[in-house]
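Quick one: the structure is below, and I'll ask about it shortly.
Here the chain labels run A, B, C and D in written order, and each chain numbers its own residues starting at 1.
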Amino acid sequence: MSAAAQMLETYPQDLGGIDREKLVACIEACLECAQACTACADACLAEDMVADLRTCIRTNLDCADVCEATGRVLSRHTGYDANLTRAVLEACAAACKACGDECSGHAEMHEHCRVCAESCRRCEQACRELISSLG
Amino acid sequence: MSAAAQMLETYPQDLGGIDREKLVACIEACLECAQACTACADACLAEDMVADLRTCIRTNLDCADVCEATGRVLSRHTGYDANLTRAVLEACAAACKACGDECSGHAEMHEHCRVCAESCRRCEQACRELISSLG
Amino acid sequence: MSAAAQMLETYPQDLGGIDREKLVACIEACLECAQACTACADACLAEDMVADLRTCIRTNLDCADVCEATGRVLSRHTGYDANLTRAVLEACAAACKACGDECSGHAEMHEHCRVCAESCRRCEQACRELISSLG
Amino acid sequence: MSAAAQMLETYPQDLGGIDREKLVACIEACLECAQACTACADACLAEDMVADLRTCIRTNLDCADVCEATGRVLSRHTGYDANLTRAVLEACAAACKACGDECSGHAEMHEHCRVCAESCRRCEQACRELISSLG
């Protein structure tokens, strides 16, 4: 079991009706995507054609910031607020969609964009599934 | 002129049609609110009645994270994406609304909640004004 | 291979003499520890005896912030600066030591503190091993 | 009085022997510097000569992350740990020194680097003064 799953298991109060599996999957996807985006921005910066990767770098940086904040919000269960959780997940899905689209456009040329795009797709999907499960 | 305003002034490309005054106001409100929320969570933790302030602390922590991510997204202009900006601002307004409401409920008893609630109100307002100006 | 390992593999320039295995291990330990600490702060907040866990919550929050910043710095390789990397790793090891010690003191009573302490120990160890390998 | 100063004033417990003026100055310098560095990375990205600004962008991003984490740690007073505070301040001073040096080298050519370098110098100085005052 991952540390994130263990932390959820050991939360001392009731978690309400939230789907634990989808929640853990989304937390882990946010962490992975934030790191991939931070690394992809840096890898783009190191490319000879960095001038053509400006939008990619910017979208990577935004996505990293939003995924990180989302992973934090989802790691808290005390005083849970479904409206706030939903708004944050919507922003995260939007950031992952934008970054996944952008990186996909460079995936054949840059392996780091291919790996990053996959992390963005997984995270966008995990956010949307968690949003749906919130009811 | 604040450093945030100076940084905006010195951006080397066109900023598009964005309202500079509202943008700077929103960046500064995000920074201030993130710090106030971080400090308010800590001040609540130091209160004798900390057990009654659980929801306040949690909402403070969420609001700090979302404001910080929003301040970063708004500080970037290269490869601007209005949809992503709007989604992030909506999440930030939601976080500030939740935290402003929560802190307001303790404002008479705790001065730090009063100061923090004011920062949240300002930031929520700044987000909403910037959203409106995005058209 | 983890996404963090894949991102390192696909970095388009030379990584210098850095120990790739220790670097990936440290990045992953930082991500895991940041999440565990964020969740442990929240779980402590939900305990009946929250008033006795103030220091634990505070140390958790600091450790989460420092681990997150460290994971980001380590995910960048362009324009590498060994002095900065070392200073950040030292701060991270100090934060993980403080939080691991604090959580260990509650590990028998609170499972979340036990899991979190293990993440802190792993991350502290990973930071120290990476520092040593920097030469 | 700034919000950061007000939040410090309203902290409900004793702050120990810490120098309040230096603490507030350092918190505010961290916030300002983090924002300036985030914006400077983006402004560098928008320059025609972005390929020559790779190291500057990377150092900006690191400095933003470390300043943000430092600003958060300094905003907490509950369960204060002087060793951790000192280690974080040392890392922050190192990040500000690196970024201030790098941006200074481009200050005549890029106004955003000039403004950012000034924020880095102020923040490095504020960190060092606070370290000294910790005794």
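Basically, a contact is a pair of C-beta atoms (placed from the backbone, for glycine too) under 8 Å apart; a residue touches a chain by one contact, two chains touch by 3 or more.
This structure is a prediction, so every number in the text was calculated from the model and none was measured.
Taking B-C and C-D together, the pair of chains sharing more C-beta contacts is C-D. Chain centres here are C-alpha means, and the one lying farthest from chain C is B. Homomeric contact chain A/chain D is classed as same-residue, with over half of its interface positions used by both copies. Chain C and chain D have Cα centroids lying 21 Å from one another. With centres set at the average Cα position, the gap from chain B to chain C is 27 Å. Multi-chain contact residues, meaning those touching two or more other chains, occur in chain D at positions 42, 45-46, 54, 57-58, 61, 68, 72, 76, 78. The part of chain C that touches chain A in the complex is made up of residues 2-4, 6-13, 27, 31-32, 34-36, 38-40, 42-43, 45-47, 64, 68, 71-72, 75-78, 110-112, 114-116, 118-119. Within the complex formed with chain A, the residues of chain D that make contact are 41-42, 45-46, 48, 50-51, 54, 57-58, 61. Residue ranges of chain B in contact with chain A, taken from their complex: 54-59, 61-62, 65-66, 68-69, 72-73, 76, 78-79, 81, 83-84, 87-88, 90-91, 94-95, 98.
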